[in-house]
Structure formats: C-alpha cells, structure tokens
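Paired with subunit B in one complex and with subunit C in the other, subunit A is shared by the two complexes that follow.
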Partner chain A sequence: MDYLRQVGALVWKDLVVELRTRERVAAMGAFTVLVGILFSFAIDPSVVQPQDIASGLIWMTVIFGGMLGLGRTFHLEEDDGAFQCVLLSPIPRDALFLGKVIANFILLTVVTALVFVVFALFFDLGFGDHPLALAAVVLLGVLGFVAVGTLFSAMSARTTMGETLLPILVFPLLIPVVIYGATATSSLLQGLPVSEVDGNIRMLAAFALVALASGAGLFRFVVEE
Partner chain B sequence: MSNRLRSLGVVLGFLGVLLVLVLHWQVFYWVATERSMGVVQRIFYIHVPAAWVAFMAFGIVALCGAGYLWLKDDRLDQAALSAAEGGMLFTTIVLLTGPLWGKVAWGVWWEWELRLTLTLLLWFIYLGYFLVRKSTENPQKGKRFAAVLGIVGALDIPLIHISVKWFRSLHPEPVVMNPDGPTAPPDMLITLFTGVAAFTCLFFCFFLLRYGLERMRHALVLREAGRPGGPVANGVAS
Partner chain C sequence: MNNPVLRASGLTRDFGPLRAVDGVGFSLGEGELLTVFGPNGAGKTTLLRILSGGLQPTEGVVSLRGLEQKSGDPEWYRRVGFLSHQSFIYGHLTLDENLRFFGRLFGLKDLSTRVPDRLEQVGLASRAGSPARTLSRGMRQRLALARSLLHDPEFVLLDEPYTGLDAHAASVLREVLTTLKDGRRTVVLVTHNISQGLELADRVAVQVRGRFVLLQDRAEVEVENFERTYRQRVEEAG
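Showing the complex of A and B:
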C-alpha cells in the first residue's frame, strides 16, 4: 500500500511540474501537428493514398514526438540537482522508475490522442469499427515504448552525448512495438475484425511487461552514482 | 593466470585457422551442391556458424553484464566487453554474407524478414553498447550502462524470436534445430559443424586475447594510480 502511495506521489509531482511548465507537452504537441503538416506535403496523393500508410505515419510521429519528450524526462531535475534529493528520499528505485513511467505514459497518451485527431483531420481518417481494440493496441504500444524510453532516457541524461544517444539506444529495441503496433493499427483502421489483431495485442502486452519489469529491476544501476 | 589464458587463446587461434582451412576445402570441393539453390547455398556454411557465434557472444555479454551489476567485479565487465567486440565482428560477417546469398536466392539484397532484422538490430545494440561505454565521464558508470543495455537487449531478443514464427517468413527453415530433427544430409551437417567449430575457436581466441589485453590495461591504470603524482584512476580501482 505504501508502495502505491509512493508511486502515486511521484506521478503527481511529475504531472504538477509538467502542468506548471507545460514544456514537454507543448513541445511534443507542436511537433506532432507540424509533422502531420510536413507529411501531407511530403506524400504525393497521386502515387499513394495517405489513408493507406496512415498507421505507419501515426506510429512514427508518436515515436519521434515521444523521443522529444522522453529525452527530457530527467532534464529539469538534473539541471538544478533536484534529482539527487529525489534519490535521497527513502523510496525504492523501482517505485521511482514506475512513477516516471506512469507520468510519461499519461503525457504520451495525451500526445498520441492529439496525433490521432490531427491525422484524422488532415488525412480524412476514420477510427475503424473497433475503437476499443484500437485503444488497446495504442495504449499497450505506448506503454512499452515509454518503459524502454524512460530507462534509457535516465541513462542518456548521464552521458556526455546526452539526448543524441537516446534514439541510438532505444530505436533498435523498439522494433517489436513498431511492427506489431503499426500492423495492428493498419488492420483496425481498415475495419478488419478484432480477431485479426489478437496476436499483435498479446505481443504488445508481452513487450510492455518485459520492458516494465526489466526497467524496474535495472533502474537502480542507472541512477546509482 | 593471464599468461595461461593468453596461451590458450593462441592455441585456439591456430586451431580456428586450421578449421577454417578445412571448412574452405569442404565448402569448395567436398560437400554436395544443394539441388534448388545451387552453388550459392555454400555461403550458408559461413553465414550460419557466424550467426550462432554472434548470438552466443551476445549471451555472454548479457550474462557477464548481469554478473557485473551483481558482483561489481571488473573482470566480468572486461569479459563482457571482449565478447561484445568479437560478437560485433561475427554479426558483421552475418550481415555481409546474408545479402550476398539473398541477391541470388531472393533476387534482392535486403529483405525485411524478421531474422535478418533481428541480426541488424543486434548489430545496432552492439554499437550502442560501445557508444554508451565511451560517453560517460566516470568509467564505472559507462560499464553499468553498458551492462544494462546488454541485459535489456538480451530480453528483447526472445520477443523478436517468437515473432519470427508469427510472421510469414522468407528465410529458409532451420535445417538443424528443427523440431523434427535435422533435415539436411550428413555431409552438409558435417561441413556446417566444421564451420561452427572453426568460428567458435576463433571467437574464443579473440575473446581471450582481448580479455588479457583488458586485464593488462587495468593493471597499468592501477599502477599509474598508485604512483605519487600519477593521474588519478577515476573510480577504476575496485
């Protein structure tokens, strides 16, 4: 019970900080809308229909936009040494990790919803016949992405290369999320039945679980001084 | 101890080179040509052993990394680093020989098939492994980061391996580790196992020599740190 309260306090702290600065959500939101605009100019509609490749574009936008925000997870606290104080508090490191992941997950879910709205507007996209299955695919995919991203964001923030290193470390590990997330989204947007994406949802859940468990276990070796 | 390891490494190196020569004789003169793929199939005897060694090396990286995080023993980190360097070499061999075969057999250099993707991904994980080690001010931190990356990478690989079965695959079915027993004829299997033995010997030769070098470097840093006025070994002394 204490554990949940600690995680809750950390999530609350991160969300309040984000609410006051609005730094990361604003950056990610602006980024995703602008990427939507760029994509609509980059795609030649006489060659390929944007609707056909929308699911891939959506996932790439979420991942690139997400990297922007995830890379700065520890930035604010790192700058004025506040993270040292968080580390000094008697909170287990895995609770700290889970708190960060949940806060990031909430932020990225907001951004992902924005991506879907923007792409629906720009590319005249419906959400298919199974919005619940689509939500499950997107939320599980984002959770796995955020869990991996948060762990390695803590790592890259402590290197001399900083955020440049983050995509190099994270992208290779994200391939299952991209494959299963994008194919499932594509099937659902085309209106295929949920049974088609059953396996994808299970794989995305497995990825999220592995990422969360390994991140929670290994986080203390990353933040240790 | 370190001398004995080095001698063992040299012996394995000679054995590996000898086996590579035998392998080439087998590949070019001895083994039968495969019926449907023709001569190009012979690259298989280089490609598959290299892939086995590449993945085995990654297993060593992950296990030694986990051991390092647990025991904080620098020797485990040095072993992980040595295995990673050998592993990257053999992953590169897999990625070079695969397209050569694919161009003839599939008609394209590259195919986004999951086993290929997995190997390419492995290569980039190795790349990240070396980058993250080099980019910390405190070397201890770099070693821990690298170990974490190795473990997460190793956990990710089974997920992708399962996905190989999920997706329709262009890649030839496994001919040795097949659930119904090996499907290849004996001369092909013998050639394949010569390749596996040769590359395994070479890998452990590189591994031991590299490990010995890393031990010597470590000893040197410790000696310099102990000398008055010498540079301070930044957290290297364990």
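Showing the complex of A and C:
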C-alpha cells in the first residue's frame, strides 16, 4: 500500500505543479497546433491526399511535441534542489520512475488528444470505425514513448548538453513505436477491421512493457550517485 | 561519549582525480552533536551527502545503530533528516502541500495532525496555505527544517543552515535547532560560523582538503582560542 501511496504522491505533485505553472502542457500544446497548421499548408492536395499520410504526421507531431515536455521533466525538479530531497526519502527508485511515467503519460495523452483534434480539423480526418482500437494504439504508443523518454530525460538532465542530447538518444529507440503506431493508426483511420492491426497492438504493448520494466530497473543507476 | 550509535570509518569519496573526502572516521553517541568546521572546498558538504545516503563513498562505511548504509536503502532514509542551505522544497506547492507530499513519500499516516504541528513548531502555521515561493529566505529555511524533521529522524544532518539568514531569522532557527538537543537525536552540523557551531556542539571537528585535521570533545576546546587554533590547523593542512 505504501508503494502505491508513494507513486500516487509523486503523480499528484507533478500534476499540481504542472497545473499551476502550465509550463509543459502549454509548450507542447502550442507546438502541436502550429505543426498541424503548418503541415496542412505544406501538403499539396493535388499531389497527395492528406488523409493518406495523416497517421505518420500525427505520430511525428506527438513525438516532437512530446519531446518538448519530456525534456523538461526533471528541470522542474531542480526547483531549489527539491529532487535531492525526494531521493533522500524511502521511496523505491522504481516507484519514483513509475510516478514520473504516469504523470508524463497523463500530460502527453492530453496533448495527443489535441493533436487528433487539430488533424481532424485541418486534414478533414474522421476517427474510423473502431475508436476503441484506435485509442488502444495511441495509448500504448504514448506509454512506450513516455517510458523511454522519462528514463533518458533523467539521464540528460545531469549532463550539460542535456536538451540537445535527448532527441539524439531517444529517437532511434522510438522506431518501433513509429512503425507499429503509424501503420496501425493508418489502417484504423481507413476503416480496416481490428484484426488487421492485432499484431501491431501486441507489438506496441510489448514495447511499452519492456520500456517500463527496463526503465524501472535502470532508473536508480541514473539518479543515484 | 555515550555508547556510539553512529560510526563512520575510512570514508573516502573521489570525483575523478579529486579526492573530496579523505579517510574520515568518527563515532557519535545518542543525543550528541558534532560540529564540523572547514574552509570552502574542504569536503564538508560531500561528507554530509555521504552520511545522508545521497552519495555513495568510494571507500569506507557508515552505520547507525548497527544498520550499515547501502545505496537506496529505504530504512536508512527513514532514520535520517537532512537540512541544507538549499531548502529542497517545491515553490509552486503550498507549505501544507510540501509537507504532506514528503510525508507521503515517508509513508507517514498521521499527516493531518503531524503537518500542522510541525508548521506550528517552526512558527509558520499562519502561512500553511501560501505557496512556498512567496516565503522569505528565513521562512523557507524554517519550512525546510520542518520538512527535514517531519518523519522524526534519529540522525539529523545540518549543512550551513544559517547561510543567507538575517539576525532575526538566524535566532529563530537557532531556537528550533536547540530543541534538537533532546538527547534522542544524533546530529552533525556543518558551518563556517565558529560561535554558532560551538554553541550547540558536544564534539568538534575541523575538515581540510577532505581530512579531519582535528576531532575533539567540546569540553576540551578552548573557546577563546578556537578561532586561532582553527586557522592554524587550516594553514598547516593547506
């Protein structure tokens, strides 16, 4: 019970601080809206149908926008050294990682919902016949992304070139999320049956699971000195 | 000295080629307070970080009532409270929220009574609902003290707690620190201020270039000459 209480305390703290500063959600939200608008102007509909490439663009927008927020995860913790004090509390390091991942997941899910709204408006996109399957694809993809991003964000926060380094470290690891996420999203937006994306959903779930387990195991080596 | 409850032996910490703490060892009995003096860069904060469990020593061991410190050991953190010159609090949370947050991390159950009690103890009860970022430096330091004592630790580490405080804030803080000498807590205080450091001490150490160049009981210290002794030791070791 203490473990869940500790995770809950961290999630609560991160969300309250974000609600009061709006530092990350505002940056990610503005970025995704602007990118959606720019994409809509950049694509010539006489050459390519926007709906045909929308899924790839959606995932790239989520990932680029998400990096803005994830990169700041531990910068907020530097507020008068408060994170050092968190590390001097008896919270297990995997609980600390899990709390951070859950808070980031909630924030990025909100931003991802905004991305879909923006693309629905500017690309005249529907959500297909299987909104639940689409939600599963998006949530699993975002979870995997956040798990990897949170671990590397903790790592990069301790280096002088952290924010520059973060995308270079994280993007190669996100290739599976982009491949399986974009393919499944594309299929579902085209109205194909869920059985067509079964394998992709499983792969996204496996990726999220491996990223969570590795992150939880490795986090203490990143944050402890 | 009473029966030693805290034992540190051979503590060494290297940062690459730099040896920040060099073979430090001492013991403290229950309720004793050790003041560590030393010039800037002597390794005092690094020593406290090792004692707190926030930094692993390259060599050496620390134990508290037989519990040997290990990296990430929750039991160690439950026993230790750390007050630094940084407040370690979240400016966007209120005072009440800050203490409740840290209380939950420590698994404390009685926060609805404990948090107001601690705020009362440091004279901040009337500001419980204010965001911590609106506090003055002295108030932040008192909140930090309430946070570091929230879980009732038996081993307290104080790193330059008077830094940046005006005379009034320093005297309020000193009153609260005096209450730490209740015979139950073992305390290590790091400071540059000789009079404040000697006031509460049971034992005194001088750290220079990572090493303890002086370690003696407070009763053996000649207070009037201590500043001269301190300078002499620093020059000899430097």
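Keep in mind that, in the parts below, the second predicted complex is superposed on the first by the 224 of 225 C-alpha atoms of A that agree within 3 Å, B and C clash if a C-alpha of one lies under 4 Å from a C-alpha of the other, contacts with A are read in each partner's own complex, and residues count from 1 in each chain.
Going forward, a residue touches a chain if its C-beta (ideal position, glycine included) is under 8 Å from a C-beta of that chain, and two chains touch if they have at least 3 such contacts.
Note that the structure is predicted; figures quoted are calculated from it, not measured.
Using the contact criterion defined above for the overlaid structures, shared-chain residue A:L209 touches neither subunit B nor subunit C, since it reaches no partner. Judged by the touch definition given at the top, the superposed model places A:G8 against subunit C, while subunit B stays out of reach. When both complexes are overlaid on chain A, the residue A:I43 reaches neither subunit B nor subunit C. After overlaying the two complexes on the shared chain, residue contacts for A:E224 are found with subunit B and with subunit C alike. Of the two partner chains, neither subunit B nor subunit C is touched by A:I53.
In the superposed model, A:A135 makes contact with neither subunit B nor subunit C.
By the touch criterion defined above, A:I91 reaches subunit C but does not reach subunit B. Touch criterion met: A:R20 reaches subunit C, while subunit B stays clear of it.
On subunit A, the surface touched by subunit B in one complex and the surface touched by subunit C in the other have residues 224 in common. Those residues of subunit A whose C-beta lies close enough to touch subunit C in the complex are 2, 5-6, 8-10, 12-13, 16-17, 20-21, 79-82, 84-93, 220, 224-225. Across the complex, subunit A is touched by residues 69, 117, 121, 124-125, 127-128, 131-132, 135-137, 141-142, 144-145, 147-149, 151-153, 155-156, 159-160, 162-163, 166 of subunit B.
On the side of subunit A, the complex with subunit B involves touching residues 148, 151-152, 155, 158-161, 165, 168-169, 171-173, 175-176, 179-180, 199, 203, 206-207, 210-211, 214-215, 218, 221-222, 224.
Taken in their complex, subunit C has these residues touching subunit A: 52-56, 71-72, 74-75, 77-78, 80, 82, 84, 86-93, 97, 101-102, 104-107, 131, 140, 147.
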